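I'd like to ask you about the structure that follows.
Each chain carries a letter (A, B and C) given by its place in the written order, and its residues are counted from 1.
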Amino acid sequence: MKIDDFSPAVARDGNFNFAYLDERTKRMIRRAILKAVAVPGYQVPFGSREMPLPYGWGTGGIQVTASIIGPEDVLKVIDQGADDTVNAVNIRRFFQRTTGVEVTTHTTAATIIQTRHRIPETPLAAGQILVYQVPMPEPLQKLEPREAETRSLHGLAEYGLMHVKLYEDIVRFGHVATTYDYPVMVDGRYLMAPSPIPKFDNPKMSMNAALQLFGAGREKRIYAVPPWTRVESLAFEDHPFEIQRWSEPCALCGDTASFLDEVITDDVGGRMFVCSDTDHCLAHRPAHD
Amino acid sequence: MNAPVDLSRLSPGFPNAALDSQTVFRACLGAMSEPGRVTSLDSALLESTPAGLSGAAVAILLALLDQDTTLWLGEGLREGDAGAYFRFHTGCAIAPSLAQAGFALLSGRDESAALSDFMQGSEAFPDRSATLVVQCCGLANVGDAGEGNCWRLTGPGIRDYRLLKASGVRGDFPQQWSDNRKGFPCGVDVFFASGLSLAGLPRTTRLEG
Amino acid sequence: MYVAVKGGERAILNSYALVDQARRGDPSVPELSLDQIRQQLRLSVDRVMCEGSIYDPELAALAIKQAAGDLVEAIFLLRAYRATLPRLGYSLPLDTADMQLFRRVSATFKDLPGGQVLGPTYDYTQRLLDFSLAASGAVAEIDASDAAPEVGPVPRVVDLLNHEGLIETHEPGAGDPDPRDLTREPIAYPADRATWMQNLARGDEGFLLAMGYSTQRGYANSHPFAGEIRYGMAELVIEPEELGFAVSIGDIEVTECQMVNQFGGSKSQPPQFTRGYGLAFGASERKAMAMALVDRALRADELGEAVEAPAQMQEFVLSHSDNLEASGFVQHLKLPHYVDFQSELELVRRMRTSGAPAADASEPAGEAA
């Protein structure tokens, strides 16, 4: 798949500063990012700006990307693992228009990958930066909505609430009933929301060669996982962490190890499963396709 | 510091403030993400620097400071042009005391202050801590651990371990750094700068001297 | 063979064309001018400036036009525009005692210095549809010169009450810090009053109205009186550091509301009246009054009252008041959630086949995000 298939070139619009944000805002965000890297998993508050896209649609990820990106970068934007979903196309257009940088669909060719809800199947390399769009950065929020409280719990590393919640799941259902945004511990210290990636992707976060940055625009938080950092999904000894498996391969490329989307093909129960990561899927299809 | 400053005497800042700041920030981000890895900046970024300041230290501060930040200058740096230079080019304020500084520029041999004297942040807000730029006289990723300021680094951002040799840094730095680590998540973060080279030391890094 | 849906770019460009067309409507109907919006939809302009946090009637009119009259969308347009504007300076506090008044009413005193001035209010218009407005064409010039007497500076009601010492005062002490700028740094809890005032001033009018209303219905212990509502022009003054003296940079229209609340006193304070404060750009009386009620409710902690009702809960009020945040996050649910949903599908199927008890509907295993 060539990017031109669904995303024709967009000219750089000289009416906007490079990457849209003013330089002072970028500096403020850059300082927040550096502190985030220095305290992995801790959510740094930042003066999130109103962006020309709605809150909840990736404004945090956009502000992080806008603050780190330079003219030499090659950008890939995915939503649900795919380069061609409308929101991914829109964000990619935004950066083409405001930076003029080269864009790509190839995971390996990108220096910055902005993502919503997935980590690419292709392993990332040293020097790459994965920017997550995060709607709800606080892993404890559903258990304790008051920020003054959760902040103090993080300070004390007091995560009993979350362990109790997971344990109650096990008592009730026989297993942990959380399938995405599954909480993780970063470097053994901070409990972190991995943004709503499926738990299938959680293991990829740990000891990854790439830098992982997380931006939550509406909630005004930035956090980070440096390369080669331990990220553990919460579990119990007798109930180890497990990821989703499918009983059939991708209908397009035949892969048996990637995360699959279910596609409904008719109105009588017909369905098929295809890779959610479109770049990965295309690379694995038989040559004639 | 309030004496009139002859602006025409000050060294220039970045030729292209926006793009050069981005380039240097990415070097800083790489340095903090991969602690101890020595990287070098392009010499074209700075035509000249104020006396006594390394290019990398100047570049880091030009990239990160602005009107919302405060800078503390360590011993031996207060008398020269450094204060006027950073105030003019970034709009930063000179911190009234080191305990109030968001950023500090120090000489590696400066023994007038300890790491613990700087803002440490709090358990609730560990990000509200100082970032120190420490000038030294050499940075390399080779050497024998334990000999002459050659340290073995481990922690987030480092796959196995990394050697960092930082010449011209006070001898008790490893002890101070160990104390800094004990306060985690509070603590300061450090950039070492020598010539155009820089290396990062976030508070997560363990250092054996 | 299944083919993934493509053409995101084209779909987006098509949506631009369609929304342009829908906004314009029938091209045989004359196009709205910004002047018309400013002059004839002034209350919309005021609301958009207020919640858009920028005082510029021209830009607000443009935003309203572009948003086809959707005020929350227009507020979004203005906010996105202002977000990256340079911050040139901060004004001195507005002196509302010195306002040129168009309207001034007090519900607490029948008569008082300066009198009651109804001004341009819908309050007593007997909300009957005026079919004469439906007829298009030249409208006779309306001469209201006799109806609008010049009202110069008039003392504020709370200042009059203050002569007796019956109402609390809020003199800033020495070393009173500058307020934080909510648009530059995020809110941290607990927030101080200056910070929450900024939040409420930008807050959604409908949200504040509902919150304020709830305090009147027992969800907070509040006995408010509208001490004073004033609407008029206030002078905006700055004092640039390099000048060393104050300069007027213009006048802005504002509405101010001072609610006066009964307070039984505490160990440290005698029985007296307390205040809730509201201020909004333009003629925004509903907003200013609702804001004043919520402000007073948020002071429960400071005044030693039990914090039991939603309007008294700082985090609840302040983190849900912004309509950009709320609208964006509610509407993001229309973005694709295939991946999360697939995870949930897989879980539910597995639970059913393994015979485990099904989760009941009140216990979501996760939440779309």
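Note that a contact is a pair of C-beta atoms (placed from the backbone, for glycine too) under 8 Å apart; a residue touches a chain by one contact, two chains touch by 3 or more.
The shown structure was predicted, so the numbers you read here are calculated from the model rather than taken from an experiment.
Q: In terms of Cα-based centroids, which chain occupies the most central position?
A: Chain closest to the assembly's C-alpha mean: A.
Q: Between A-C and A-B, which chain pair is linked by more C-beta pairs in contact?
A: Higher C-beta contact count between the two pairs: A-C.
Q: So which chain is farthest from subunit B, going by the mean of the CA atoms in each chain?
A: C
Q: For subunit B versus subunit C, what separation do you get between their C-alpha means, in angstrom?
A: Between these chains, centre-to-centre, one finds 44 Å.
Q: How big is the gap, in whole Å, between where the Cα atoms of subunit A centre and where those of subunit B centre?
A: For subunit A versus subunit B, the centre distance works out to 31 Å.
Q: What positions in subunit B touch 2 or more of the other chains?
A: In subunit B, residues 68, 125 touch at least two other chains, as defined above.
Q: What are the residues of subunit C that contact at least two other chains?
A: 184, 188
Q: Any chance you could list the residues of subunit A touching two or more other chains?
A: Residues 17, 28, 45, 151 of subunit A touch two or more partner chains.
Q: Note which residues of subunit A are touching subunit C in the complex, please.
A: Spelled out, the residues of subunit A in touch with subunit C are 5-8, 17, 20-22, 25, 28, 45-52, 54-57, 59, 79-82, 84-90, 93, 116-118, 135-136, 142, 145-148, 151, 172-175, 177-181, 196-200, 218, 220, 244, 246, 251-252, 259-263, 265, 272, 274, 276, 278.
Q: Note which residues of subunit B are touching subunit A in the complex, please.
A: Residues in contact with subunit A: 17-19, 21-23, 25-26, 28-30, 32-34, 63-69, 122-127, 129, 131, 155-159, 184-185, 189, 202-204.
Q: Within the complex, which stretch of subunit C touches subunit A?
A: 2, 4-9, 11-12, 76, 79-80, 82-84, 86, 183-186, 188-190, 315, 319, 324-325, 327-332, 335-340, 342-347, 351, 354, 356-357, 359, 365-369
Q: Quick check: in the complex, which residue numbers of subunit A touch subunit B?
A: 17-18, 23-24, 26-28, 30-40, 42, 44-45, 67-71, 126-127, 151-152, 154-156, 187, 189-190, 207, 211, 225-230
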